[in-house]
Amino acid sequence: MFYHDKRLQYKVRVDKPNPQFAKALQQALGGIEGEIRVCLQYLFQAWNSRGPARYRDMLLDTGTEEMSHIEMLATAIALNLEGASNSLVDDLVGKNPIVKDIMGGMDPRHYLSTGLGAMAADSNGVPFNGSWVVGSGNIAADMYANVMAESTGRVLATRLYEMTDDAGMKDMLSFMIARDTMHQQQWLAVLEELGHGDMSKVLPIPNSFPQSQEKQEFSYAFINTNIDPSSPSVGENRRWTEGPSIDKKGQFSEIKAQPYGDEPQLGPPMPEAHAQTEQIEKAGDKS
Amino acid sequence: MFYHDKRLQYKVRVDKPNPQFAKALQQALGGIEGEIRVCLQYLFQAWNSRGPARYRDMLLDTGTEEMSHIEMLATAIALNLEGASNSLVDDLVGKNPIVKDIMGGMDPRHYLSTGLGAMAADSNGVPFNGSWVVGSGNIAADMYANVMAESTGRVLATRLYEMTDDAGMKDMLSFMIARDTMHQQQWLAVLEELGHGDMSKVLPIPNSFPQSQEKQEFSYAFINTNIDPSSPSVGENRRWTEGPSIDKKGQFSEIKAQPYGDEPQLGPPMPEAHAQTEQIEKAGDKS
Amino acid sequence: MFYHDKRLQYKVRVDKPNPQFAKALQQALGGIEGEIRVCLQYLFQAWNSRGPARYRDMLLDTGTEEMSHIEMLATAIALNLEGASNSLVDDLVGKNPIVKDIMGGMDPRHYLSTGLGAMAADSNGVPFNGSWVVGSGNIAADMYANVMAESTGRVLATRLYEMTDDAGMKDMLSFMIARDTMHQQQWLAVLEELGHGDMSKVLPIPNSFPQSQEKQEFSYAFINTNIDPSSPSVGENRRWTEGPSIDKKGQFSEIKAQPYGDEPQLGPPMPEAHAQTEQIEKAGDKS
Amino acid sequence: MFYHDKRLQYKVRVDKPNPQFAKALQQALGGIEGEIRVCLQYLFQAWNSRGPARYRDMLLDTGTEEMSHIEMLATAIALNLEGASNSLVDDLVGKNPIVKDIMGGMDPRHYLSTGLGAMAADSNGVPFNGSWVVGSGNIAADMYANVMAESTGRVLATRLYEMTDDAGMKDMLSFMIARDTMHQQQWLAVLEELGHGDMSKVLPIPNSFPQSQEKQEFSYAFINTNIDPSSPSVGENRRWTEGPSIDKKGQFSEIKAQPYGDEPQLGPPMPEAHAQTEQIEKAGDKS
Amino acid sequence: MFYHDKRLQYKVRVDKPNPQFAKALQQALGGIEGEIRVCLQYLFQAWNSRGPARYRDMLLDTGTEEMSHIEMLATAIALNLEGASNSLVDDLVGKNPIVKDIMGGMDPRHYLSTGLGAMAADSNGVPFNGSWVVGSGNIAADMYANVMAESTGRVLATRLYEMTDDAGMKDMLSFMIARDTMHQQQWLAVLEELGHGDMSKVLPIPNSFPQSQEKQEFSYAFINTNIDPSSPSVGENRRWTEGPSIDKKGQFSEIKAQPYGDEPQLGPPMPEAHAQTEQIEKAGDKS
Amino acid sequence: MFYHDKRLQYKVRVDKPNPQFAKALQQALGGIEGEIRVCLQYLFQAWNSRGPARYRDMLLDTGTEEMSHIEMLATAIALNLEGASNSLVDDLVGKNPIVKDIMGGMDPRHYLSTGLGAMAADSNGVPFNGSWVVGSGNIAADMYANVMAESTGRVLATRLYEMTDDAGMKDMLSFMIARDTMHQQQWLAVLEELGHGDMSKVLPIPNSFPQSQEKQEFSYAFINTNIDPSSPSVGENRRWTEGPSIDKKGQFSEIKAQPYGDEPQLGPPMPEAHAQTEQIEKAGDKS
């Protein structure tokens, strides 16, 4: 079962809201390379696992971590959309039709369907599709599916990193890129346990992104999201928690899940999106 | 952010595995009335929430609980599918083609694609679709969307309850029906805070299912999944944690999330589904 | 069975065609909050209805009305797309590539696939999906599904209203917002008959949109689309045709369906979209 | 705009309810060859029509007729599903698990999601998809799309006819096959007006189904669904209302739309599907 | 079975790369009117063909040709996307955020998901859908489905032709328009063999596009893609390989498939898209 | 560009037609693990390839081979469906309704939509979805995507092998399993060239299927589908055409593509599926 913490796993800061970047971020949230997919994929693989138990545990730990990444991205999208709110107000004040600005790159449903919020869809508004959740019942096939997911996912994250010069967004993405580095290694470590040889040179994927730009203290750390620290007694000699990393560029370690971010603070509803009156009046109310 | 416990929120026991019932259960997991939908719906509403904070907290609490229900259903499906394994073996021993039995009511992908595991799909194998995740940015519209989701969800759960005479499955469903009872009330409690009047007579939906058959100790309890008990300091006078329930048939209370179930124990992989050799050899291995 | 009138239920006038607004309007036509969904949802609920008959009749009446709304929106989209035609001609005259203008906010399929016409898709071009049509067989669950559909639908309509300063479009939307006001009440009236209490304060959803801007003569009128005025003899004391409205802001009445709009007059085909020669030559031909 | 009549266009009688046949009928309702597709396709082509007006009118007439066919099929499905209800009761009385019977050929969602009702989906439960609605803006391309839709549709209807020995269902299908015969001719008549030559020998498609088994009084009649008999003043010399049919096997005529069927009478809700108590108590209530 | 040639069927040249046009071209690749659809449709009809064999052969020939069209379009898209690369570099050099340019009309997934490559999706990024592949088992219905596909496909191609002033793209499209002219005639020739009369006047669809702008040497030539020239011994008197064309504007001929284009030469990977280092270093390497 | 041969790549024989097995085979044709997916995935990766050219060539070769596998599976499905035809005839002769047999495990659309033919869909009738076609622009990510596709694909093929005792089908599947063995190695050979270490022990996936049951002469042979034998001059020292295989269980070789199967011979149309009369009369006609 699951628990939550109101704080984020890592801080999500947006210095200059940008609705177009919100649209791009949707790919990492609801696209085939995105976090909903890996979250459900790892959890379904865990729930369907018929042994060995050590892999089930690892899948649960990391599937739970991905849930926290979904949350971070949804928050990043909502914060970036506050840029739409400002320009909308300007447009309305200026008595201009606001259509062109809303439609010129922004996802129209970010205004029309959510009132400036994230959606379970990709960067073209195509809904998340459950067929992407792969769990074959064969541990090697599943691990390759996971390596593939983290490889295309890390490629995507580096592209998003290149698209923005918002320092807050670059910081968040450097954390996510680091976690993808680790998750790639983690699934390959299972393959190594199953007899796979030296895979160091190809890693991390992409290997053309300078690792100095990722948040390296998280690049080789397995994050244990189990609520009970004494619980993962199975899993002695887990390849992914100690010793050299698969890419030979770091040392694996294990850390207990904890929030590095704060509770998110979104702005109030944009008047033109017609929340209920009570929402508008009590937007900042904590009682 | 999120944490997990290896134990289930409530016990999942299957006395007589039944692959056809596994297929039916998929509707409650990946269908439009299912748990993936409500989980993501409540969490996206929380993440997109622009106030008041009390509703954001409640959505986080219950969205997290639904994650635990997804896990229970996936486990129930995997356990029910073990019936396919047995009959497959019988058929193979009997030198009969096994096609007809596999295909005569079972979802073929439960064998072909997962090797006897759950999928992110409905009872016809149609994949979960992200478009079902509704978060409009208007709290009243969202609450009605949630009441609707819990109403169609509870109707579905009562129909599943009628379909089975497996005592373990009936017990699990009676818990889920009770939670749906509570969740219906919870969203209506928000509407009551927003000015909605007496909604007691229509509840719970369906009102034709005898409540004596639901696990009533959970029918009016708000389950707080926040990892920090002192955290939800906002939310004084929350309508959904004390006082008479919306249907006037119970008293609201608040309980801290805890596992009532155990760590699930699935059977070993079925040989014909060709897991890796190491999985078959070490299926029960806890090291 | 069904009949049609060549005139529209309400007038559809576009003063300044705007292809970007056409794209936004698609959400109200083929999106999850849109008119195809509610039309089919109410009609399927009627066709599947196993009693009481009074609700079947009401669902048929309103499902049929929604068909007329689909028609209005499709017409509005086709008229707004005529703006693309003009700018295309300008661009061609100016010897400029027209790609950028076509693609800079307009749905490319509005030109490529339809030659300036409406599609059964949402504002991102994602096709209408039949899974959105909810009919559970439980009247209370269905009514909540309908309230939810009309709530998210009215929120959407008010957002579209804010996006445009075209007086014709604002007029059409003010009619549609009024009809959503009525339809919300209508489904809640069924819930009231089933025992639901005072729901006045939360209504209409959103309650932050000034009702003075909706076409108020249609805000509390049930439109009977039955071809035979004497037919709805069942349904005496129908809560939704007389007495105070659910929100206590109006009085319910019943009116016979009639066209308030004219037969739509679209412009001729745009030459670059390559209709058949005969269409271009006889575009205005009434013979 | 649109009106309805509570009676069906043609009678829908099911002598022996058969849930498996209900599943097959879904293909003709929500599949790519089905009635929702042709209904929306003809109506969108009409709404997007930029001339000549005579074709717009014809498309409106026939699109409206298809709406009545959707209604007939939905009714036929609901009536066929009453067979599930009976066997369910038998099974419950016999204390047997009912899973196998429900799942052994029936669409599980016909019980789980609708409580014995029709869905906007095909015979595999795959939802209707708006991408199937083709309106290209070129009248010849559109007419071929319509001929194709009516050809695959009539092929489907003849296959359904062969699948059943229920006299009521055969009668309903013989009417629908006849209407498909006419609709094929109708779109080809437009192509003939546009210069297409003699198309008689290939028709109707399929030409291997004996026309004596179709309801031949409807095979060459254009049904005018316009509510105002004097309205279609445009359209003199319409090829599809007089003269020899395209296949030279009949004479075209025009008749005013009227119901040949009665108001449908579905059975009461099945108890195990948990409608609201009030629905069960008042199922036959006409007040 | 199948073989390939590294050269293209016809030359694909892009004088001025244009990412917005790449987005539009996706409709002809992965949209409902596109080449993946016709390729699979003709091949499935061939593979499912139960006679006569002459039609099976023709379907195989043309289905294989469409495979070559898919390849041309994918290449055209990749070449047009190189425009994104240049402007990205400019933007980065200029220290500007590149988001707006990327998102202002380009498909964001062309950068995010493919690193400047084609996708199996339409111009809105909606994935190709297998339901569009029609093979009914009735040859007349199938031929009409094919005429419809080639009619909407040729309409689309003429619209794309109008959208661009790139001479290379116009040349490629004029070839594709000519092939669509031929393919329309080809399926109609089958219908003529089955008894269809003179269809000359309506053709080609659209008839409003000047045929002088299509590559007319390919407008009435059947391209035989069979690897063994002596193989198609069946099919004497094939209507589509000799004699006047169906539209009476040309003479049918048969030519052996051969590449008129060269092996495509794409530019190197764009650095910001993070290919592997080895790809960047060895981009032009032929060893 | 592409060519075809009327003969199959490998023989497809069905000793005892079985419509239920036809349904299961659909997963390998149109499912996420299926041949349409790998065919398009390898070809799109080739068409989008920006170097090195040796990988582009290999992707083209193998993508073309997968096209031949699609053809084999479609043929296998059509042949297995002839079992439906026989039982249908029996049922009709026996004057029994044929519904139950058709619906009791067979895909209803195999009769209703195709008249006993294959579809571009999975084993639940869910259409093939273009989103499954992964080409990221990063060669390592793409190779892992391909390993994953061939791993889940080979797992699927071994499960299908276990489901049948038809000697013809087992023979065809043993060929396909061998090709999957080779294709897994092929993509891993690229990864080895990129620096990946010894991957022998984990292979082939699944490693629990006895390789003696696969058609071993094809297990380590690269099939060159290029029409010009002298063409692949690039690609000296290609890791996947000589030397020990990645799993160290064989030696790589290269063979020129050639048909090992014959031209397929399907039975005549089933009368109840209503092909055109001419198809039925001339089913075996080769003229």
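Letters A, B, C, D, E and F name the chains as they come in the text, with residue numbers starting at 1 for each one.
The rule is simple: a contact is a pair of C-beta atoms (placed from the backbone, for glycine too) under 8 Å apart; a residue touches a chain by one contact, two chains touch by 3 or more.
Computed from a predicted structure; not experimentally measured.
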Chains contacting each of subunit B and subunit D, listed by label: C, F
Chain separated most widely from subunit C, comparing mean CA positions: F
Copies subunit F and subunit E - interface residue numbers shared by over half, same or different: same
Whole-Å gap separating subunit A and subunit C, where each centre is the average of the chain's CA atoms: 37
Between subunit A and subunit D, centroid-to-centroid distance (C-alpha), Å: 46
Shared-contact residues (touching 2 or more other chains) in subunit E: 32-33, 104-105, 113, 115, 124-127, 129, 131, 136-138, 140, 152, 155, 194, 202, 205-207, 273-276
For the subunit C and subunit E complex, residues of the former touching the latter: 92, 95-100, 102-105, 107-109, 111-113, 115, 124-127, 271-277, 280
Interface residues, subunit B side, partner subunit C - complex: 32-33, 126, 129, 131-132, 134, 136-138, 140-141, 144-145, 147-148, 151-152, 155, 191, 194-202, 205-207
In the complex with subunit E, residue positions of subunit F that touch it: 1-9, 30, 36, 40, 43-44, 47-54, 57, 60-61, 63-65, 67-68, 70-71, 74-75, 78, 113-121, 127-131, 133, 135-140, 194, 225-228, 231, 234-237, 257, 259, 261, 264, 266-269, 273-276, 278-279, 282-287
Touching residues (chain side subunit E, partner subunit C) in the complex: 18, 20-21, 23-24, 27, 31-33, 104-105, 122-126, 152, 155-156, 158-160, 162-166, 202, 205-209
